[in-house]
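One structure, pasted below without further comment.
For clarity, chains are labelled A, B, C and D in written order, and residue numbers in each chain start from 1.
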Amino acid sequence: MFKKVLIANRGDVALRVIRACREMGIQTVAVHSTADAEAMHVRLADESVCIGPPAAKDSYLNVPAILTAADVTGAEAIHPGLGFLAENARFAEIVEGHGLTFIGPTPAQIAMLGDKIQAKQAALKAKLPLVPGGTELIGSVASAQRAALAAGFPVLIKAAAGGGGRGMQRVERKEDLARAFEVATSEATAAFGDGSVYVEKAIDRPRHIEVQVLGDGKGHAVHLGERDCTVQRRFQKLIEEAPSPVLSPEQRDHVGRLAAGLAASIDYRGAGTVEFLYAGGEFYFIEMNARLQVEHPVTELVSGVDIVEAQLKVAAGVGLDLRQDDIRANGHAIEVRVNAEDSITFAPSPGTVKLFHPPGGPGVRVDSHMFQGAKVPPYYDSLIAKLIVHAADRTAALARMRRALDEFVIEGVSTNLNLQRRIIRSSDFVANTIDVVWLERWLAA
Amino acid sequence: MFKKVLIANRGDVALRVIRACREMGIQTVAVHSTADAEAMHVRLADESVCIGPPAAKDSYLNVPAILTAADVTGAEAIHPGLGFLAENARFAEIVEGHGLTFIGPTPAQIAMLGDKIQAKQAALKAKLPLVPGGTELIGSVASAQRAALAAGFPVLIKAAAGGGGRGMQRVERKEDLARAFEVATSEATAAFGDGSVYVEKAIDRPRHIEVQVLGDGKGHAVHLGERDCTVQRRFQKLIEEAPSPVLSPEQRDHVGRLAAGLAASIDYRGAGTVEFLYAGGEFYFIEMNARLQVEHPVTELVSGVDIVEAQLKVAAGVGLDLRQDDIRANGHAIEVRVNAEDSITFAPSPGTVKLFHPPGGPGVRVDSHMFQGAKVPPYYDSLIAKLIVHAADRTAALARMRRALDEFVIEGVSTNLNLQRRIIRSSDFVANTIDVVWLERWLAA
Amino acid sequence: MAMKIDAEAVRTLAALLEETGLGEIEYQDGERRIRIAMPVVQAPALAAAAPVMAAPANGASAAPEGPPAGSVPSPMVGTVYLQTGPGEPAFVKVGDRVAAGDILFIIEAMKVMNQVPSPRSGTVRSIEVENGQAVEYGEPVMVVE
Amino acid sequence: MAMKIDAEAVRTLAALLEETGLGEIEYQDGERRIRIAMPVVQAPALAAAAPVMAAPANGASAAPEGPPAGSVPSPMVGTVYLQTGPGEPAFVKVGDRVAAGDILFIIEAMKVMNQVPSPRSGTVRSIEVENGQAVEYGEPVMVVE
């Protein structure tokens, strides 16, 4: 096992990796910007190195500074956390080129999965159901029409380089296709400097269901069950749960095997997530995230598997000592993301935390880098805590989440705790009649 | 199910009951002394009633005030917590006499189990192994000699009314028995106003192993496995774990069945704990505690059963929907008690908590009524937090406990956190070469 | 000349501060003046910040600190009666002169009627409760001064 | 006339503040008045209270706030060299006059030697690091003023 690991991240995920390392007897090196000099990940690491000024591009995205910090502290491996450099194939390559271990997939896997078309081709090869269309770039109105007819209307025209809904056109009828193709191409060029687009079937009001996988990098992979992340606002997940309340045991088994099959087929190394849209009883592969996910704790609570420990073991060459038959889902888990943003306006609220009182008691887990006096800098994302509950079933988990949210007190910065309290109590969420755009409709109502 | 429950207690146990009630949709009434007007159990209850001045005898032991509080708030049931009135048969009787439900065993069960001789006779009837001797009061030196020879030297002469080691004489040889009998009788008279004594075999350097049971009050009872509470100082438990690291699966099953058998044989109602000494591969029944136990969370984490919820269900007549075959032990749990007392001198440290930062992350549960600004009054016990960890096995649980203890910060009052950090790292505790007087030897060394 | 610190006076004031539950004391004697204050307590913020944390029940805040001077608190939790029975006259009304030992009200607890006498002679300045209302231990019932 | 600070009185009051757990003490004797208060910021206490929470590594505290005036911080994390090579003379030594743009030291990062010029003309007042030491971003290396 590693003696010393550098964590190239901040916030709750850096703390999560430090906690795993401490429990495994691994020394930790925190890197940080000047804005995070007093942050929890700096306090709890065995060593820390200031790598730059507040702007992420000069600190948490500053590859030479991070590698130099690893050099001067003698770290053997780098955990990228999530966000920042976690899915940067070039970074992973440089880390390995320096003789250090990158705790994550291979650079080639990151690059392949980061390319939508390549990822879909890999999924197709592993016999995963895709959204019809979308496997090749479209260069003309004529080929857009062929692709749309094959996929079936309504379709979406999407920018190959896009994401988060930008550069996307929805087309209901054949007659509107030509004009939408022009708009999408020019918008994509303007937004991303790359006018490549593709056409796929529009899946209306789907749920977002994703499967956590672990691979040993040598063709063995398991899945830890699925997560349902359907409560989203502007493509940002707000609440995640496991298992999905809408799947039958057969569907659960089926989608899990599909995801593990994809991971095994590409010799996937470490932890990853295979994401699907789910509508009308069908799954549609959308992408595979080549990293740890914010919502990994719900899977940890239900499966009993420590995902970060597994990442470290695979990276250190200890291997993956899990067989699919060892993994049993137990109970129900729900996570809410607590963001430093207003519950009504969603305005970010950086500042100093004056009071931080997390909930406790049975079945409650809090992953947070906050403390009394902690600073929430304006430079990074607004996630300040994850509250995760575990109980025997969904009804009990909802009751536990209500009581835990009611105990949670944060002062000094505005938070979305009140919004989360409302969502958890909403009849739509309780009854599960939601889809990925439900929250926006509900907020507007 | 109850609509409203009054909790006749304070501190972490009152909070524990409130949490269970909130999750079950039951309204809660907190009672409190003037010293606890700002306490967490008062803040989190739906209603609260100040029942008296700080002294426990005028507030938390004030039966008329507690019953009046139930009257004026319309509570249907009273949960006594632990300590205070929890094992007071007369209180349970008065509660039931007022047409309220006592959430605990029947008054007769409390009275019977509170009498050492009666409890041992019940255990004998249920075929539990007893410490040899001790089933009858000894009135003369001659009968003391007969009892000692039957039990086998060394023996202890104990006061029937005693507890906590007071009024106890150890006798190695027959020749010393007469004098020890006189001393024990006169000490018992002086200390308890009752000179009754009994003779039992001295069990040297035992471990303390106890079994959590649940009974439906109608002859059905299950056990949730055992707890090992061997780390004690002056008969006060400091660390508890489940399962016991020294039992084989066969022994575990054996002692569990014994305990559940006793509970079933007396139609036990609710949650209780059957306590044993364990030495030389043998179990010796010592007593049965007719209440919730401080250390119940380790059993909850390992068994997955919510013990307080089970108490409420049995009391409300919903019954006990658990069969022994449903209950599976999963992983290993350890609890440390965090007391407001100095780590070296053990001096209590009442005061105001200036900073309270509990640990978080995977496998960590904190049950605590503390918060920034909370008062630790000098009038009650010094327990301010329970830190409980759960992991796949004991080694992983120890690593998790080390890292969680290292994250825990409490300022404003002295705590025993540093002592607990030392114990958890001590080679004796790690290797398990301990007994109930180990801690005192280790502290003196 | 070094300033002579009267440590005993500060300690005495600190003890008074603790005892009285005040936030601050400023004490001047001739040219000597001492002012002491409690640390800034942030505890009430906890409740204030959590709208779901319920306030103490029964209308009355349970904190019996700093009642008005002359306050007569309830000696126990129970139901307060201001008269001996329905239709009967009240024991006292605002403006009445009372002697120490005169009955002011009754607290019913556990079916027992407990008569509460006036702790002092004076005038009934106010009655803080309704007839038949539940009161907590220490909750002000009347002001007599 | 310079004010004579009665340090012993302040120390006595500070000890009393600590002893009593007060937030503030103001003490006046005749024309002399002393007021002391506990700091309001409680954040640093977290690290102080947890002996197991490690201090930032590499000897240097990572908080580059308030360096001495004239401080020349390291522009990046790396290894500092005060000379071009072993046995070579140092770029500068304490007491040297330097012009803005003169090389003060080198930071090696990623096998690249980065020359760091003086940001101003002045005198080298101190050198805060050892040759070959690792430095963080923003860590003071020299004082030039």
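Rule of thumb we're sticking to: a contact is a pair of C-beta atoms (placed from the backbone, for glycine too) under 8 Å apart; a residue touches a chain by one contact, two chains touch by 3 or more.
These numbers were taken from a predicted model, which means no experiment stands behind them.
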*Remove subunit A from consideration and name each group of chains that's still held together by touch.*
one piece
*Spell out the chains that contact subunit A while also contacting subunit C.*
B, D
*With chain centres defined as C-alpha means, what is the inter-centre distance between subunit B and subunit D in Å?*
53
*In whole angstrom, how far does the Cα centroid of subunit B sit from the Cα centroid of subunit C?*
38
_On a C-alpha centroid basis, what's the spacing between subunit A and subunit D, in Å?_
40
*Spell out, as numbers or ranges, the residues of subunit B touching 2 or more other chains.*
44, 352, 354-355, 357, 371-372, 406-407, 409
*Send over the residues of subunit C in touch with two or more other chains.*
39, 42, 45-46, 53
*asked:* Residue numbers of subunit C touching subunit B in their complex, please.
replied: 39, 41-47, 53-54, 56-58, 62-65, 76-79, 109-110, 112, 134, 136-139
*In the complex, subunit D residues that touch subunit C*: 6, 8-9, 12-13, 16, 20-35, 37-38, 40
*Going by the contact rule at the top, pick out the subunit A residues touching subunit B in the complex.*
15-16, 19, 22-25, 44, 297, 300, 304, 306, 330-331, 355-358, 360-368, 371-372, 392, 396, 399-400, 402-403, 406-407, 409
*In their shared complex, at which residues does subunit A touch subunit D?*
29, 32, 34, 37-38, 42-53, 59, 64-65, 67-69, 71-73, 352, 371-374
*Show which residues of subunit C lie in contact with subunit D when the two form their complex.*
2-5, 7, 10-11, 14, 17, 24, 26, 28, 31-40
